[in-house]
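Every chain is named by a letter (A, B, C and D) in the order it is written, and numbering of its residues begins at 1.
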Amino acid sequence: MFKIAKERLNELYSKIAETFGLFIPIKKGGEVNYHVWGEGKEVSLETLKTVKSPKNAFFPQSENLMKFKTEGKNLEIIDVRWDKTEKPFVMFGVKACDYKAIEVLDKVFLADPVDTYYQSRREATTIVTLACSRPEESCFCNAFGIDATAPQGDVTTWLDGENLYWQANTQKGEALTAAVKELLTEGGEEKVEAQKASTKAIMEKLPFASLDLSRFKPENLNELFEDPAWESMSEACLGCGTCTFVCPTCQCFDIRDFKTNEGVIRYRCWDSCMYSDFTLMAHGNSRTTQMQRFRQRFMHKLVYYPSQNDGLYSCVGCGRCVNKCPQKLNIVKVIKTLGGKNND
Amino acid sequence: MRDVELKMKERASELLKSGEVARVIGWKKGEFYHDPQPASFESVEELNAFVYNGFCGANLSKYLIQMSKKEGKTAIFLKPCDSYSFNQLVKEHRIVRENIHVIAIECQGKLDIEKIKAKGFDFVTEVEENGDEIAVASLYGNGAVQKDEVLLGKCETCKGKVHQVKDEEIILHEMQAGKKNRFEEVEKLEAMTEDERFAFWREQLQKCIRCNACRNVCPACSCLKCVFDNPASGIAAKANDDKFEEQLFHIIRAFHVSGRCTDCGECSRVCPQNIPLHLLNRKFIKDIDGLYGEYQAGETAEGKTPLTSYTEGDAEPNDVVNGEVR
Amino acid sequence: MIEETLIPKIGVVTDIRKDTPDVKTFRVVGTDGKKLFKHMPGQCAMVSIPGVGECMFSITSSPTNEEYMEFSIKKCGCVTEVIHALEVGAQITVRGPYGKNFPVEEDFKGKDLLFIAGGIGLAPLRSVINYVRHYRKNYGKVVIVYGARSKDDLVDIDEIQNEWVNEPNMEVYLTIDRPQEGWDGHVGFVPAYVKELGLDPNMTAVLCGPPIMIKFTLAGLLELGFEKSRVYTTLELRMKCGVGKCGRCNVGDKFVCKDGPVFRMTELDELPDEY
Amino acid sequence: MQNVTEKKEFTPNIVAFCCNWCSYAGADLAGSSRLSYPANVKIIRVPCSCRVNPSFILKAYQQGADGVILCGCHPGDCHYVTGNYYTRRRMSLLFSFLNYMGIEKERTRVEWVSAAEGARFSAVMNDFVQKITELGENKRLTDLRVKEGE
């Protein structure tokens, strides 16, 4: 294990930025989101939850896929993907829940047939995770078996009042460590162990620590789908996309064309199953009510996705929706209502 | 506030029991003290979860678009600011007035949990409202904050504590208007240079994730199909692909609600990126006041709005600079 | 077979046939004049006009046709409207094939087959019917029941009347909803006709058409003694990616683009009712 | 659109929305009277100046316009009696708002031009083009995707 003094973090960022594009939580316009680091930027590693999750780096809110050019009757397709030969990048300060969320996304985008747009960005990234030390009441990653005190990733780091502690886990992580080695000194194991213990004690007190998910099983799919509680749970839903867009695992997208002076750009962008036009076709819509759309989102996270992926839930308990839903609806309320007998 | 909640619950229970109304729209207990959610109650048993406290900031009037069309009468609890939206919706024939029983309720200003957390209480376990002081218990320490410092943005500039519509009222204590002038922030922006203003809005709007929360919560945004969802409009768009789209969305939205926006402040309350969207709408309100005479949308449920009327001597667009005739 | 999930191939429209007032069949090949890709009966492809949009269509031509692919497209939305305005020689984009095909090499083999279609629902069935005709000896008796609103709305009527009716051991029954001048065939809705025909319930049935037709025809078949496990149909929902990633065409935990569009009735019974 | 390989002198793209009854006829008259106005003004005919939705103006900027001018009948002379009175209010508010967001005030303008004012039409357009040329390219309200490749 290595460490670096907190005051020297800027040197670390600057060193990483020499060879990598460095994405790190930065405060801009009053809110903390992942942005590319640069001298003078206001880094905020302590921020527990960036508004947008790190998924934005691999699966950008909007991404050009290809261009079409027309000459007479002839059509030409130009691949405009992100150039792999550009600088590889480092995602710095990813929390345990958000790291788990990337695994959830991997299972969608890297499943056959591989989404090469996602893949190229994913492969070019070294992920440096940061252990949590000050969780808040909306956190419930432990309900999904995630250990916020020791996240995985290419490199795991811990931050306390004095130092950042650094431990490489993978080859990519070793390579990054080698690149910044001159700034690191050895040691810090005891401090990290102490922090882990104290954070774990806090984690036990999280109000949602023991959510009962036992009823969310593929065999209960139809029973859960038909549950009358969906009506009242979704009643206040505005049908906005806040929960979807702040969610680190939501991966639905739309593909759209945009006409430019030169031709047509085909891009994909985030879409939300909460939107009324999500499933709208020329001759009908399979989900006409907000209740159906609300149900779709939570059934997907808690039943459909696990059924397709060996029981892995596509919720990681980051609590962003708990904080951000305009009308205070969220997945916790759904789990408590439908999850099983042990929820109150 | 506790006494108000009890009285409201009691009245809701009476109304439901007597069959005078089929449902009551209010707030339901959340997971914490600070996250009550809007809900409708159709039986006395359901009222067990009824709650009214300092975190019931949501404007409930828009739910009436759906609810007032249901079988039977709907009772709704409206705060003074929500009553403006209610009138505006009646004016635009979006809700059926005869099917609604309006209960005007007391409001002493609503609280913003994010502001409380920012004071160092980021693992809130309990909140207690004691008049102007809010006692907060958190895992990382207990303490008290001044109410004025943790009010929702929209309550800081509260435009008044008078209900514009009511069928009955539950007001047990005197209410006070906001302490700040609501145009102060607009004026601050007006005083900036063009470049500074552009930079300010660029930085703010760049955060926009196009979640549509501002649009969907807005009582003035009651179109059956929004232009931004309609591919035939030519401006339909979903995510931000270019800075232009954020500007386009917010300019068109602000313009579309101009003259109809009651300044309820819900857009800024719900924005996940905390973009001060109310400053867009307030600019229109301020300009309308200055150019065409003071106008407050939602004061009445009748009459024309500034943009659906005119006078022959109106100012020429080219002469209007910063909302004033030069 | 898919090298790049979202990047399509360029297709050239070499022939356009007007089947009915609102259905046209487009013949498409690659820019090299060859068939764009191999497929199986029942599979679909994403067809797009850049700048307008991309839509999923079933490939109506048989896989045994090595020269070209055909799409029968009904004009009903903004993309199909533009497609209908295309002329021969126009270039479009195509990607695929997507979805699970009809089990022609497994469950269908050696069986008597019953195909029931309504309106544009014939499009996906035409592919499998012609496939069966091509490998005729592998399958038993074939019965086709096809109905449309009027005689002008019967898709591929030339092929049906000139080729299908002459095929040995293959029966074709046509019906239209209302009596019409110049039509001396059967009149009536498909579900009723199916019951009237008193079909052998041991056949393997394939249904395709509007949801309301499927619902009533299925009820009729069950009454006749057909088993749900030997009745197939296809689903259609909004799709964007075609590969189970964009998240909109799911019914329960199944994606129509990946796990469908062909479903056995018993499979559908296990899914929530949201299609 | 234009292919800028070497840096050329800036010629702005101007979109002029002209009402069918007055300003479009005014433009016609300018043409038949052989009064010139710059070729980079693209006229879009609308039934009335009040048909112009703010989204039309923004869309013009998105597609690469450097200036947008709206022309209608003189107040009081509207073919539909009151249309341009509404235009006047809407545009006063919109222009003030655009400026509030940091968009240059002079980029957008309203002028009243009657069917008899061919000369005025020509003068207004010449003046507007000159102002926009001085102001330079529209950079604040433009869609970068549209201009890609230029």
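We adopt the following convention: contacts are C-beta pairs under 8 Å (C-beta built on N, C-alpha and C of every residue); 3 or more make two chains touch, one makes a residue touch a chain.
Given the structure is predicted, the values throughout are model-derived calculations rather than measurements.
Peer 1: Taking each chain's centre as the mean of its C-alpha atoms, give the chain farthest from chain D.
Peer 2: C
Peer 1: Of all the chains, which has the CA centre nearest the overall CA centre?
Peer 2: A
Peer 1: Report the inter-chain centroid distance for chain A and chain D in whole angstrom, where each centroid is the mean of the CA atoms.
Peer 2: Those two chain centres are 45 Å apart.
Peer 1: Just give me the whole-number Å value for how far the CA centre of chain B lies from that of chain C.
Peer 2: 51
Peer 1: I'd like the Å distance between the centres of chain A and chain B, where a centre is the mean of that chain's Cα atoms.
Peer 2: Here the centre of chain B sits 30 Å away from the centre of chain A.
Peer 1: Could you tell me the distance, in whole angstrom, between the mean C-alpha positions of chain A and chain C?
Peer 2: The separation of the two C-alpha centroids amounts to 40 Å.
Peer 1: For chain A, give me the residues that contact two or more of the other chains.
Peer 2: Counting only residues that touch two or more other chains, chain A contributes 254, 256, 258, 271.
Peer 1: Residues of chain C touching 2+ other chains?
Peer 2: Chain C, residues with two or more chain partners: 78.
Peer 1: So which bits of chain B are touching at least two other chains?
Peer 2: Answer for chain B, listing residues that touch two or more other chains: 241.
Peer 1: List the residues on chain A that touch chain B in their complex, please.
Peer 2: Listed in rising order, the residues are 28-31, 33, 48, 51-52, 61-62, 64, 134-137, 202, 205, 207-208, 232, 235-236, 238-242, 244-246, 254, 256, 258, 267, 269-272, 275-277, 322-324, 326-329, 332-333, 336.
Peer 1: Would you pull the chain D residues touching chain B in the complex into a rising list?
Peer 2: Contacts found on chain D: 54-55, 58-59, 61-62, 75-76, 82, 85-86, 88-105, 109-111, 140-145.
Peer 1: For chain A, which residues count as touching chain D in their complex?
Peer 2: So the residues of chain A touching chain D come out as 258, 260-262, 265.
Peer 1: Where on chain C does chain A make contact in their complex?
Peer 2: Of all residues in chain C, those touching chain A are 2, 4-8, 10, 50-54, 76-80, 89-93, 236-238, 240-241, 243-253, 270-272, 274-275.
Peer 1: List the residues on chain D that touch chain A in their complex, please.
Peer 2: Of all residues in chain D, those touching chain A are 1, 63-64, 145-150.
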